[in-house]
Amino acid sequence: MAPSGPIQVRGEVLSVRRVGAYFHVTLLAQGVAERVRPGHFVALAVGGESSSMLLRRSFSIYRAQERGVYGGTVEIVLAAHGPGTSWLAGCRPHDPVDVVGPLGTPFALPKDPASCTLVGGGYGSAPLFSLADALRARGCRVDVVLGAGSEDRLFGVLDAKRISQSVTVTTDDGSLGHRGRVTDVLPAVFARADTDVVYACGPMAMLRALSEVAAAHGVAAQVAVEEAMACGIGVCMTCVLPVVGDDGVTRMVRSCTEGPVFRGESVRWADVGTVPPDCLGAPLPAGGH
Amino acid sequence: MAPSGPIQVRGEVLSVRRVGAYFHVTLLAQGVAERVRPGHFVALAVGGESSSMLLRRSFSIYRAQERGVYGGTVEIVLAAHGPGTSWLAGCRPHDPVDVVGPLGTPFALPKDPASCTLVGGGYGSAPLFSLADALRARGCRVDVVLGAGSEDRLFGVLDAKRISQSVTVTTDDGSLGHRGRVTDVLPAVFARADTDVVYACGPMAMLRALSEVAAAHGVAAQVAVEEAMACGIGVCMTCVLPVVGDDGVTRMVRSCTEGPVFRGESVRWADVGTVPPDCLGAPLPAGGH
Amino acid sequence: MVDLRTSLGSAVLPNPLATASGCAANGRELSRFFPLSELGAVVTKSVMLAPRSGRATPRMAETPSGMLNSIGLQGPGVDAFVEHDLPWLQAQGARTIVSIAGGSIDEYAVVADRVNGAPPGSVAAVEVNISCPNVEDRGLVFACDPMAAAAAVQAARRALDPAIPVLAKLSPDVTDIVTIARACVGAGADGLTMINTVLGMVIDTGTLRPALAGVTGGLSGPAIRPVAVRCIWQVHAALPDVPILGVGGVRTGLDALQLVLAGASAVSVGTVVFNDPSAPVRVLRELHDALEERGFERFVDAVGYAHRSFEQEYA
Amino acid sequence: MVDLRTSLGSAVLPNPLATASGCAANGRELSRFFPLSELGAVVTKSVMLAPRSGRATPRMAETPSGMLNSIGLQGPGVDAFVEHDLPWLQAQGARTIVSIAGGSIDEYAVVADRVNGAPPGSVAAVEVNISCPNVEDRGLVFACDPMAAAAAVQAARRALDPAIPVLAKLSPDVTDIVTIARACVGAGADGLTMINTVLGMVIDTGTLRPALAGVTGGLSGPAIRPVAVRCIWQVHAALPDVPILGVGGVRTGLDALQLVLAGASAVSVGTVVFNDPSAPVRVLRELHDALEERGFERFVDAVGYAHRSFEQEYA
């Protein structure tokens, strides 16, 4: 059996390549790759030794290779958005980067061959390629839908063509593919592919809308959420969202450990950012004791 | 007249070269070089944009060139000692470094040709080479004494030979030159060179001992001190030491602005690190009001 | 080899390194990075009587060399904790310092009583987190008033077997921490943990609103280390015989050494675990080496050492 | 172009950016980096009655995203200040906020009186630094007690022309800053400056002794920014009509904006000047642009704005 659970290693940047609006970063991280399953993420320390940024940044794993020329590597796709991601984007080959991973609960794979639709929003497509490989290895049909604000924020359109039955692209501004949202095209894809399961990664608003469409079409949904995380390893309780358990009880659940992948219908999307009053241990209404 | 006073510029590292135990760093810093006089220093921001190190690090200016191939450059010699200096030593060509300088009060030059002995302890020799040039341009005789713990901590022995009548070297461990301290050899040099003024830069203990030897031999002393500095520009009052003014009154004086160069006999060496009770504005003895 | 043994009241620990409450959950997640038995102690997340959902998100914001958090003491409740977590920790060979919290004096008493019912040997000490709002007194924080602080500590102390040391965890957000420390010791605390987070706030310049759903939050991390050192220094100077578990901004062995020299008999690593999950064992190693380089043969000789050299010089 | 004008009581300023007391000396050194007239105000180093040598060195220690200082109010005394510094500042076109300090209520009164004797128009406002030990009351810091704080503010207020606004500068090292703020306003303060440094300490792990000669010192810089935002937020919520000069850890325009959104009518840049001597003008530029991007036409509309959106949502 492959080793499992996260490890912490002093990794090294092998390359940083611009891809559209993103950066494709390859890291040497001995021992991590053999533990990775699709949907896992890594948490990277940022800013170097004298950094004022204490918290790690989390990234979906795009690709993990047990041994390339250099040993085990992990690849991520990042949007340079704030100071931590900008620092990573500015790294040069051989710069050290501390890596913790793989983290989180990966995508659940169907036991039997099934028709799977994979939906990525922006850099959210990153984890879908290794997922597609795993699904195809199980004899699943794979269709891909990629959406983004504009063409430069799509990642992996060509790659996706290689690994899937069909690729559908949407952009908010119409710069590539259908002008609009992924949820506009999903019903047609579901119908065409006779989808059993939809797998998705992307912004929360997309996951919410997608979960609703999936439920309406009787399609199971596996969604990888993105909540602000202080630790990434399950010890701080910052990354919670309200999730309904198999027992019907809503709990504030850690997205770094129980997630980032959840069943779409288990997340109480409308209540994300709140503690629903019927949540286990919710504060009593004012006036109560 | 040359422009004077400090400026702040976004500089750039041109090169970092190991020299014995030190690093010789050349910085592109437009507009600084033309303002530099021997004994000035620069204050460099360290750690990059997300640095947790807020305070600048100060370095004597080893060499300043108004235009090299790249424009105005400033060179320093640094010992990688803590996190800030280690960060600088690890810089690579083209890395940006914010430079403030030139700062401080430079060495006072004799009006008439005089016999000058220049004494450097460790990297404290750095500012002496441009000083020697300025003195020789005024027809002064220059003798050099360099001391350090060990040979690798001497800086510029060969350079010194080119610019001086004589070079005397001391090391604590005897790995080069006389085994011992610079003050062991100073009386002989003073006698041989008939020294009028001694110029010195190095550790406080050396400057103190040297000031005593100079006073005993009737030699004027100009010493560049090194006190911990938070701002380097004269606004914070952290870098003070007790100095006797021309009026005979002791004041806590800023070494970044009134210094780093002081007359050796004006510094109350034994009282550095204290506020002497006869200092202007010293706290009243307990029980007073 | 430095002898690293230390003690917090009657709790004897093989070494002075511990986790910090709320920064290590109840140990399971960190045990994937190092064996919990290697630490002097594991301090668990503050537990209350009933299960709690905690606050709404966002619960955190990064700040320069620190972070702000407002978790709201999410947890399973003391019964589930005693049933599931304590035995598991004991099986790992960890020494567990159980952090308890309450919204009323009564809740402190009841939670302590439930902890007291845990299997013998599974509780090395109890830490009383008094940085909680008192629902019976207009939400005033226990730790901010000597009487309220003492009452909470006393309630816990009385409910617990005298063999289990009680540590009162103090808040730095007070005008005079020594007064609070004295009140807690007077109420039966065998030791003190210092410091809890510093009350802070971040405003999100995108939404133009407070960054945390809870509006204010607790500032932690290296940014507050000088505050922790100062509090430990002040209290150790006033109460030199009261053992202190130091916490606040420890990132390296030298940081831990600062807290120890100020007067801490043991040191917790909190927020820095988020940066470096193996920090507690790394800091322990670094602290060991730093003590050895400085010629200390026993860890306990370094506790409060900065006071000694200070008194010698100035007395 | 955003209209940047603001006011602190009757002091009208062309823009909200100021230096912080003790982080800009009396202006001369910074004027080599930018014209002082470009700032809303220059806040001078706290001045006392007589010349003062300040404390022994070391006076500073670097800390994560901050520093500790213990200068001991070194300065020339108020007479030399009024004679040499104020006219020079006026000649530069600077608006000067004079920070005064005292070791007794009487000293506050006398220093304020001497400042009151300065040439008309040379003093835009007086900031009363009450983070000083009261030699007449066992060295207790004025800012830590509402009565003492009020007495110091009142002494200064009475000595000064009513046309000169008085700002009381508060310490965050108190259990309840709103109580102190109310006391100062009750004593005649026209506005409040928040915050002074946070009491901290660093131990030198080389010498095994306190790093500062003064043992404890004041923590400043970005590390404490969340504490400043919190204090401003709390006081502005309680006293929405009292203008606040915000200070604490401002490094960028967005940092300044946080303080403004929390309730500050003007913002001082302190420690960050040591990192970047031109920070005050840079932060002003960045703040202007940040306001513009967010659609504010007037700076004053952003003051306390985070309370507004907060009340709307939750009320």
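Here the chain labels run A, B, C and D in written order, and each chain numbers its own residues starting at 1.
The rule is short, and it goes like this: contacts are C-beta pairs under 8 Å (C-beta built on N, C-alpha and C of every residue); 3 or more make two chains touch, one makes a residue touch a chain.
The structure presented is a predicted model; accordingly, all values stated were derived computationally and were not measured.
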| item | value |
| --- | --- |
| Farthest-lying chain, centroid of Cα atoms versus that of chain C | B |
| Distance between chain centroids, defined by C-alpha means - chain B, chain C (Å) | 46 |
| Intercentroid distance (Cα basis), chain C paired with chain A, Å | 35 |
| Per-residue overlap in chain C, given as positions that touch at least 2 other chains | 64-66, 221-222 |
| Multi-chain contact sites of chain A, meaning residues that touch two or more partners | 52-53 |
| Graph class of chain-chain contacts, one of line, ring, star, complete, other | complete |
| Residues of chain B defined as touching chain A within the complex | 46-53, 83-84, 87 |
| In the complex, chain B residues that touch chain C | 52 |
| Residues on chain C engaged by chain D in the complex (per definition of touch) | 63-66, 68, 144, 173-176, 198-203, 205, 207-210, 215-217, 219, 221-227, 229-230, 233, 249, 251, 254, 257-258, 261-262, 290, 294, 305-306, 309-310, 313 |
| Residue ranges of chain C touching chain B (in the complex, touch as defined) | 64-65, 222 |
| Touch list for chain A against partner chain C, complex | 5-8, 45, 52-56, 98, 100, 227-228, 230-241, 251-252, 257, 272-275, 279-283, 289 |
